[in-house]
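Both of the next two complexes hold chain A, though its partner changes from chain B to chain C.
Entry: the complex of A and B
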């Protein structure tokens, strides 16, 4: 209680600083907070602002205690426990918001400031984008300025901000050294607790009508690719994802994946090399152009030419790939495997009958395929993002009644019909196309580029890609989704072709955040090694890095100290001696107040410690003559220093 | 301690104006710094007596102007009247032609009369019918003012307030001083018996000495820091003007002198700050109105001495 009583009350400007702190601290994390907590925190902030504005009294303690209990119960009912990242952050947010309602004294202000610093760090557990980093930096400046306002009440806003910026600028070199040299472990920059992977979107390993068209409404980035050399033309950009073989009449699923015995092949002229930066999607598959040659380290190529990572992709992943465009694999596929690609459930009789009829009329498999594609092309089929719902015999319904569908409908119907006609076939999902960012040359593939197509096995050729969507809506393959969908259909805002200035802006923003991803978030052990060896560090192991880190930090500290000493040297030597006296007297609790003049100060000290009075009077007399009178000269200054050094201060009783 | 006319003046004045040594010192400082003094307080707390005592002790001739709403500038400055004997106009000087003038209840005068008076204070001369006449030297005005929320007053505008070097308030006497006042002799009689402590011309000499009190670079830096703070802090409507900073230095010099020092300390600035800056600083709108002493105390504690 002693500290509490001594702690001075907060001034109005300090309260305003703290309020600003809390708002800016909470802002970057808004997207990850439960709605009720967000509303509660906003209300607490408004309440606090209203109290400030109207100079009203703070709420009583019993009310705050009740709010704490209610909020804690709310957190418990939301998460069912108090462990882990999300409940922890929620509790911190709750306490910060409520602490604002009991800001009375300096001590409470300090609690708010440190809570803000801590809470700011937690935002990076959810998101590490450049926008969050920018907001965090802004909040950091303001929180530090608030800390300055707590320490130096009554100064001007600009002074606080300047001090804050100065302190952060002094910290920046240390941050840089730690960032570059702190030994990295393979894995994400931030160790994530287990509940961190909710809410990642992407392709799944099953496909029902509607699953891809839902994805198509998202303008989120799925991955970026940087090609060595030219980007292949759009119709060749088939990014292979999950291969789906099992069908139960409604849903396509992938079977068990096996590693390919002899992965890859030989690089030929049509080999493209590229680097993919994949956004996390919490699934093991990686995307590669058809057909992938060799897997990146830590991944395999399956027998179905799917690239699979050994662990789900939970943080942004960068990998180098080589693909052989136009390569047709599986000419020597085993009979048992092929038979598995003919399995069909017993429903959809009309499609079955149609396919069997085509089979009877055509001699070759290719002719059946052509019949099917012609059927799509000639009859009144429509490509749409909002197809009607389908019932039990989904394929019959689609082919003969609704005739409106998205790529998954066409691929699904096509593969079904092929199997019914006795041709081994499977559905391949992935992404088709992409968009080149003219700013940095990266190819951006979005969730809206998600696509499904088919593969049929042809005697003597192998697994051949057939894209039935191309028959219905050739624009989808040539130019992208936006030009293929009829006007008026919903589209992700950023995929629209109009609004070209917006598009330019988006390209720029995405290029900047890509740089951020590549160089800041993607600064992994490999990049670290590269950089250090370029800087002349031969064998950068963790010992060498730690040593370098220690040396650099030491040098920085030395530099900053020298700077501080240099600044101090600009203070008048007389004043420095006087400050020294104040520091010495501070040990017996008699420090000089910043605004206290020399006569007042010596009088106060003499009153408290009469035995010091004669010596102090002499010191103060000399100091006053030197500082405020006409006396000058080295000799007098030295005498003053000597007198202050010789002053005997007996410890207080 | 050697005989000092200033100490003597303070001692004698303190015997009549009881328990108001600070106000006496400030009034004297104001006079020595060649400024004018505004005393703002309720009627009956000793404003007039203070002026009387000072005039008597310093050996100055004394006039009193009691301001009313129907007073004209001519009532202050004087008027030229046609003289039949000489056949010309003869100037009859008004009450302003004196060394120490007490302008009582200045906020009862109309703005027109106020400005005539204040102009004379600023210029140390009056112009009447095209002829400029110098005022006596030393020339010192003590104006009193009732708190301006009283009925029938014309509060002095801020620009006019600036003409006064200092504004002080008297305040009620403390218990002891009041008992002595009530039990003692009539103050007016005591004033009548007072003898001057100074020779004529001695005051002017002292005023000259004030200007020689040493002001160091460090002290100027302190005054600058104070002024700068008031200009940048959001707590004040407007900051201290350069004229106010000059006034602060002038008053601090005089304060150092009556303290028998030939150099100015930060404490001198702090001592005169409430009186010099109190009527020049206005808290920002929205903040609660604070007394001059509180405003000055807040300003002092916010600015470290460089």
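Entry: the complex of A and C
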């Protein structure tokens, strides 16, 4: 048009809308923001509210510039860089808070709204639960209402909210189509900054006394498993994790992992098939029942029968597994490998001496193992989550002095003793057991199920599992942690056995959130392909998906267009009856003109066709009474309709 | 520029004044994203990349919901404008230099209300209005009138960004509107040429308002003060009393009597000023232009006739 339009100033109601959406946007992310930034943002919001309330002037530009600089410097000193999600979110929050102090014109208002939309996304970096989703939806309705208030300041709050909810409801089908059919790409698109996955817990590739008992204090879910068929009995549920071979007297570590060359065996009747949904733990290992047969795609099985993903598990991962329960591998293990499983540091002399004594007394390896387990069983050993701290010769101290320990103490002492007795042995960590959720049938394995056991190599058999914890606390294996530790131990609240109603509630909640995880959060390229082929798409590649997406979106748009165009004004029944009469008369060339009232029209028609005159006069009279007079009611309307229908209009000569 | 203008005329169907009522059918309502709409799309692109990179399922969901919102707002904006009916309204004549106001009637025959409809004329200020459900409203579009004569406003742009500012729907209409623009009255003219008229003595034959001279049939332009109310009371048709204007001062405003070095527009401007002055003083006046003469007369009608003659001089 050639005329430069300046952005109009914001009204007070618009400012209030924008303030509300800033508050709702920032609220869900409060827990993940550094304290100083949280305080600064809260102050900016209060400041903005005070300015609004007292109709005061906005702070001057120079002050805002200074605050931007100060805040940016603060972000830099907190994170030491500007890249990655945390500093990025911090900067966005800073800009949003300060933009509120600079709201003068419509343009500023739009900037605030777009910032809010963007910030909503960043909450999902930290949490994607249903609660966060609900809060986000609420914020979305308000932000969209704020946007509509920017387009029209004069309407009522409720009108804006209703419109926003209506539009979002109409947008939901598009979301569904795009969500299901948008060709998914497995991220990341580029290398992630190191801070992307802080705060994930799980087993590590080393074990010191106390590391597993610490983990056991957490009731967090490690993974879920869904079995084809029956879940094997609890004592068979050994979920194999990192295998630890190197020992320095205190800490066990895993050696270098090599891919297993030969297949682990063939599927037989005792093969169990199951799908694991692993929570992210930022480590490459996957968990599988002993012993895994074949790796899922994108993973390998190592020589030590550990399943390893090629990349760390940084988002919830679902994989199909097959395991051969009771399979004992490695009967033909090479001599050099076995020798590596005999290495011992020079400390812990008493344990070493004891083991060597057993060796001398027993002819076979099995007898030595039995001796050791009997030792645990007969002597006064205790299974506890709060073992005393151990010093330099941790195994000597544990076996001969404290005698109180958790599974890692028993496994560690057992393997040490076996090696001292000349039997190749190693520590295996992972999870043991799990709990079946009766609501959805998934087996839930928690961090509190973390466990450590031992494997010894026996001539003619191979790597045989020995769980020394089972000797001390058989209940741990049979029934789970809660029944194995003495009362009064600091168990995670939800693992405790006594609160059964709470347990029911928790099962229900976890089943719902599992569905959410599986179908909403876990909707990845693989699940997308599965679903689409189940829905009958023969070749769900990106071309087919894009085509289907375009077609469905087009159909939705068509439907909405029809809605937008064909909502005619409601015509009242009296008017409709009158229109009908006009249409009928139009057929004999006496159409009603736009300016003609009922009296004029019927008069004109009566002049042209005198034989219709009496009937028309009656109809017009009734119509005038109904439309302009006090006459009302169904009866009168029906009469009018009847008179018009009964009117005989002979064709003109 | 010619082909571009021709293309625009073809695209937007601009073929001169249209018969009323003009209905904004779906074929003549255009929609395109606004600049904030493009910014919104760009933000969605960034959000999608973020969702892919961090494998955020809910990020996808949010981005797709907002993308759906963008499509939905396209239709809402479209629906806000489509099927509005426009008919021309009142247009009062103005003097050049003032703003002409073109009246338009907008009709909403549908149930949903229409909001933040912005109308403007090329070169004029925009007017924003709402339309209640199944209701009509009148708007006045201002346009500065620079030149005397008929002012045609050309096309009216109706546009709306409601409800989310992300999309602009607009339509061009050309209602049959014109405004008569009188010449601008001269700011400081010489006094009315009264003396000439008085001395000549020939101008006494006109009708004045002093002595009763008879009755004639009433015409709408006659002043109600001159209606023969007594005759009306006798159930006769409306009659107007006529007077011989012996005492009325009469003035002829003559184009040719103006100084010869005065230009056309300056002459018209001075005559306009004199007309207004004569009217204000209640004089009887006539106008002589090259090729046209308006006899002596008085009243609103006489003023309008004379001003119109001046406005359209040379057309």
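Convention: the second predicted complex is superposed on the first by the 454 of 653 C-alpha atoms of A that agree within 3 Å, B and C clash if a C-alpha of one lies under 4 Å from a C-alpha of the other, contacts with A are read in each partner's own complex, and residues count from 1 in each chain.
Following the convention adopted for this analysis, a residue touches a chain if its C-beta (ideal position, glycine included) is under 8 Å from a C-beta of that chain, and two chains touch if they have at least 3 such contacts.
Keep in mind it's a predicted model, so treat the numbers as computed, not measured.
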Examine A:128 and indicate which partner it touches, taking first as chain B and second as chain C; both and neither are also allowed.
second
Could you tell me if A:598 is touching chain B, chain C, both of them or neither one (first, second, both, neither)?
first
Looking at the overlay, does A:617 come into contact with chain B only (first), chain C only (second), both, or neither?
neither
So, does A:627 touch the first partner chain B, the second partner chain C, both, or neither?
first
Touching A:85, do we find chain B (first), chain C (second), both, or neither?
second
According to the contact criterion defined above, which of chain B and chain C contacts more residues of chain A?
C
With both complexes overlaid on chain A, does A:331 touch chain B (first), chain C (second), both or neither?
neither
In the overlay, answer first, second, both or neither for which of chain B and chain C A:367 touches.
neither
Under the contact rule defined above, give the chain A residues that sit at the interface with chain B and also at the interface with chain C.
154-155
Within their complex, chain A touches chain B through residues 13, 153-158, 572, 575, 593-600, 624-625, 627-630
Interface residues, chain A side, partner chain C - complex
1, 85, 106, 110, 114, 117-118, 120-121, 124-125, 128, 132-133, 136, 140, 144, 147-148, 150-152, 154-155, 163, 167-168, 170-175, 178-179, 182, 185-190, 192, 196, 314-315, 520-524, 553, 557, 560-561, 563-565, 567-570
Please output the residues of chain C touching chain A within their complex, sorted ascending.
26, 36, 39-40, 43, 46-47, 49-69, 71-73, 75-76, 78-79, 82-83, 109-112, 115-116, 120, 122, 130, 133-134, 157, 161-166
Considering only the defined contacts, which chain B positions touch chain A in the complex?
214, 216, 218-219, 229, 232-235, 262-267, 270, 298, 300-306
